[in-house]
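Structure first, then comments.
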């Protein structure tokens, strides 16, 4: 697993780093920047959805919170971007702590709806407060350097991926999360504190999301409640994760790339058929749930795993038979 | 005449095989019992007969008609019913509603007032508590509702899954009395029990199960006499 | 103070609309554990059905309700087996998968509606939309909009009809049995698949009828769905998911909170208050107002 | 490791191939970028705006193109959907500029998207005129390359209040409500400022959540018995507002909304209940305008719109067509041909700042300083009223077509 | 008499109106195997859940190694050295057998490499090593029960609560499990075990505690208890009495 990540991850990272040097098309760079952002949002969403089984329909609220924190600190307090950005992550962590403490007690649909209500409330708050500019939103000083934002986004998402990969797939943390997802009662007997673990996962999901929100604000130069605190972020992250495959790190990445690429291609080259896009996207989601409940990666990986399991089984039974024969 | 004929059935839950090709039959008017330890596959056997657990192989016939593969609601319409383990009542419904669900089928719906009267005469206690929700009843009363509910279906074969489970001794006795009474009335009964002594006493014929297989059979007397079966499977 | 009766009345009338949005929705959750993200889209389709049927036939939308119910009931029965397949899958988390499936369905419906019906808002005329009742006594004055009153009566009628269906009919007994214990219901001869399809059909039919009413009372547009999805969720969660008897109370509470807030507090904070209340109640009583959700 | 190296190389090559830049060709037509909301929440307005741009391009091309120093150049529109989302809008602008190499841009419908697009056109120095966005905030940001043909609401909102104040007996009290979105909130604030200025007592002023059913609030308003109810909101909200008022059976002496009443959907949905509602507008199909460019007057434009789309034109659409005309005039002035250099585009901005022309839409003249910087201040804002299902100009007094119907007829007897 | 490792002191547990465990007291000495007996529904599992922290007792107290642990969370008790198995075995189905055990090993070995090494040892000793990389869902019932014990052992507990680890196994499998339990006892483990199969529990227990209807009806050595008429009645039905 480790080898695989390095064998595939490093070249991909290399390509991504080298890309702006080769391709000077700023639109292309913008699209890739946004794609990278969505990869980050999707993997952060999956920490909670895939690894603990909680659908957080308030994911977008962390994004908006990060965006507004960064924007407010820069515009009202005069902080430099470099200081304001991490504060977006800090605020998201604080919000996750406050929101998670009560909501993580809720199960299944109740959690989904409570987090969604919470995110609506946050949006309403941004709409009626003066300091956020209400519905007019906020404008940030334009710093229009596409390379800067590309590399910043890439660095944050790559770091997030690496961190999550380490924590979820390599360190004890990920296994523990999976354990409480599978059987919370049973996990408690093994010394795992589900409340604490879920809270950690919630924060882990919120922080990168908040930071990405901060980058978004500075990059797009304009934020308002409709675009940064609306349902779009959570909805799209959910779609990407479900399509790609929940509960893995690669799944959401693939889901984010494919869905975003599909969306962008459709948007750029088939804009006469914009409405068709909604229909197709809806159909893709519905059909993928019916035919690939484990997502694209889960389904592909599933075949592989089945094969491996099967081989293992053959081996075991062969061994067992040999042992038996020896015994006799 | 065989009312129920189970031939070589196997059941799997995912990778786990619960039944390994078991066969037995129940004749009309008989009280047949199935005994064995926890996890031996007794409940699975009952479930597979009523269509709640799909068969991996084998066949089940009822009055010479193949019923395996039919959904549960069709099976019960033919006159087989199950009083499930742990009663499985509709907890938030009243006693009377629980009983009336028993007469859900068209076949029984028309004469449900009459059947209800019959059930109440069998269990007068239930009539007293007709408007209480099922969850507020004691274990014994719940068992009565479960049996009454099954009777509302006007069955020819009634299967019991551990009816004495968790009941006080007096109550256990009462349940067995009811079962014997139903037997006397001519119902065919298939009983799964852990209360070995009582069961062997009332049953016409017994099967012993272990680990998804039938490992012994005979009348109650024969089994009680069989030391090895006593030793290995009955635990005393 | 003199506004209080009017505020309460408006709250009740608004609550009536929310009852109709949520009641059948709650039923499907209770029986089949479907959380239908497309509930607002069914309302939208219903509203358009009412609008166009009224345009073509010239009949009052209230007279068209049964037609709409039958059409959409059939559609619901046909869709349910797919949802059933998703929910009974062994892979992943079926409940969440059902949520995501209907979410996709909702997106598809929105796209379809915008393609077919265009962007403009519309309104369905009805004989009830004309007048209002006006009372003035004891220094209080009270205006009751006829169409909203008709909506409330419809809501109560539907609630009562559902109550009758569930409590007094054999079919309803089967539905309740199915909701409480699937295996036992099967043992009693309840055909789970067919009953499930009928319940979903009933839900889609009732929800589409609600759409017709909303078209009369408020407006009709291709993008109207999501806001009603929000309210449906709100009411159902507040009532306790699947707890039908809680729905009217939760709906009235929602109507009342909005009415009171719009009148006595800063109206701009109304939605904030609504969401804050939902959140708070979920925290105090995670299974809804009455703690009876499933 | 070898296999992944190969993979890396092939990926780089693919990326390079995929982005082979379209070489800049000499062309004989203008490439016009259009960034608008074709989908999402604001698609209604986006599509109205699109019709305006389309009609302009159609008419220009029907006349052979834009006449630059005796040679005619056709225009070709390149759309990009902003999906009602600022970030998509910015991407859309970037794509049109860097990939399609458009000469100039016709801008978004909404203010939010315009705010995100403006910095992008600023960066590439591509002039943009929006035919619709009318939040005052856009202009206080003083974007050099961004212009607008629709005057901001704080410029146009005062007129209908003044018209009402001049009636006899004038409304003395008012309740002013606004939906909580940029445009509607600004509208309500403009109404409020104008009312206070005109000595109309504002009994209640509230910004309400977008989409909210306002019936309970209106019940309370009813108790205040205001002469005037003024509301800033979008199409669906306006329809719901009228229905609510009728349902609680309150008819104020005057009901004022903004331009939404001139949208065909308003009359279509409400029928006779739409009658006598006042609105603010800068253009109607019977506005008295005369022009030498494309359409001689408002009526001929309205007819052209009916012919092209089978939909009556409203002022957003007209303003969008006028945005095209403004570009056309400025281009002719500097004699720029397609494939403009940066210097040419800079002078195009200068030329736009000097535009002062009469169009079918009215006078187009962009402010060059102050709070309306680059917004069109050449217009005469109008007070309109729906009379018998038609939009009629009822003020200011010197250009009105008909007398305002006032007070409003009760809902019941209609 | 040495200090008891576990002291259950007049523990009562009610659910609403139902009293599942009623005023039960007993003690377990270090190194002992105590069998908890009783017919289905007698309250054994409830008592297990109270001891292992899943339910707080309604009244009474539980002392473990001299410390009052009543009402403490299960994960806290795991660190104190209490390991338990579940009657209905639910392995973490999406994970491999090895991973299942590794999760438990983390309690004493927070580093992944150490935990894995430890888990391998556990798998060896429980005879699951050859299936380490299979998904836990693919195990047979016997395998799952074994895994359940393995997970509890990976906590390196000083006290084990075993809930029906033999039930449902065939005689060979059952014998192997009994062997494993006796081995643990030899290593000095204290065990409280619930089991239905008499032959097993009679053989391995030093002492028995018998529950019926939530109350303790007998306590003592196996042979003694088996003669107790109360027990016979409760257990075998009145016919045997």
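In order of appearance the chains are A, B, C, D and E, and numbering begins at 1 in each one.
Here, a contact is a pair of C-beta atoms (placed from the backbone, for glycine too) under 8 Å apart; a residue touches a chain by one contact, two chains touch by 3 or more.
Just so we're clear, the structure is a prediction, and the values are computed from it rather than from any experiment.
Using the contact threshold fixed earlier, the set of chains in contact with both chain B and chain C is empty.
Ranking A-E and C-D by contacting C-beta pairs places C-D first.
In this assembly, D is the chain whose CA centroid lies farthest from the centroid of chain E.
Taking each chain's centre as the mean of its C-alpha atoms, chain C lies 36 Å from chain D. A separation of 75 Å divides the Cα centre of chain D from that of chain E. Rounded to whole angstrom, the centroid-to-centroid distance between chain A and chain C, based on C-alpha atoms, equals 33 Å. Multi-chain contact residues of chain C, defined as those touching 2 or more other chains: 114, 268, 271. Multi-chain contact residues of chain B, defined as those touching 2 or more other chains: none present. Shared interface positions of chain D, i.e. residues touching 2 or more other chains, are given as 39, 41, 180, 207, 209. On chain C, the positions that touch chain D within their shared complex are 2-3, 6-7, 10-11, 13-14, 114, 119-123, 125, 129-132, 134, 141, 143, 145-148, 217-219, 221, 223-224, 227, 258-260, 262-263, 266-268, 270-271. Against chain B, in their complex, chain C makes its touches with residues 170, 173-174, 176-177, 180-181, 183-193. Contact residues of chain D toward chain C in the complex are 39, 41, 43-44, 47, 177, 180, 206-209, 211-217, 219-220, 222-223, 235-236, 239-240, 243, 246-250, 264-265, 268-271, 412. Chain A meets chain E in the complex at residues 170-172, 175-176, 178-179, 181-183, 185-194, 247, 305, 309, 312-313, 316, 319-320. Interface residues of chain B facing chain C in the complex, by the touch rule stated above, are 50-52, 71-73, 76-77, 81-82, 84, 88-93, 97, 100-102, 104-105, 109, 149, 153.
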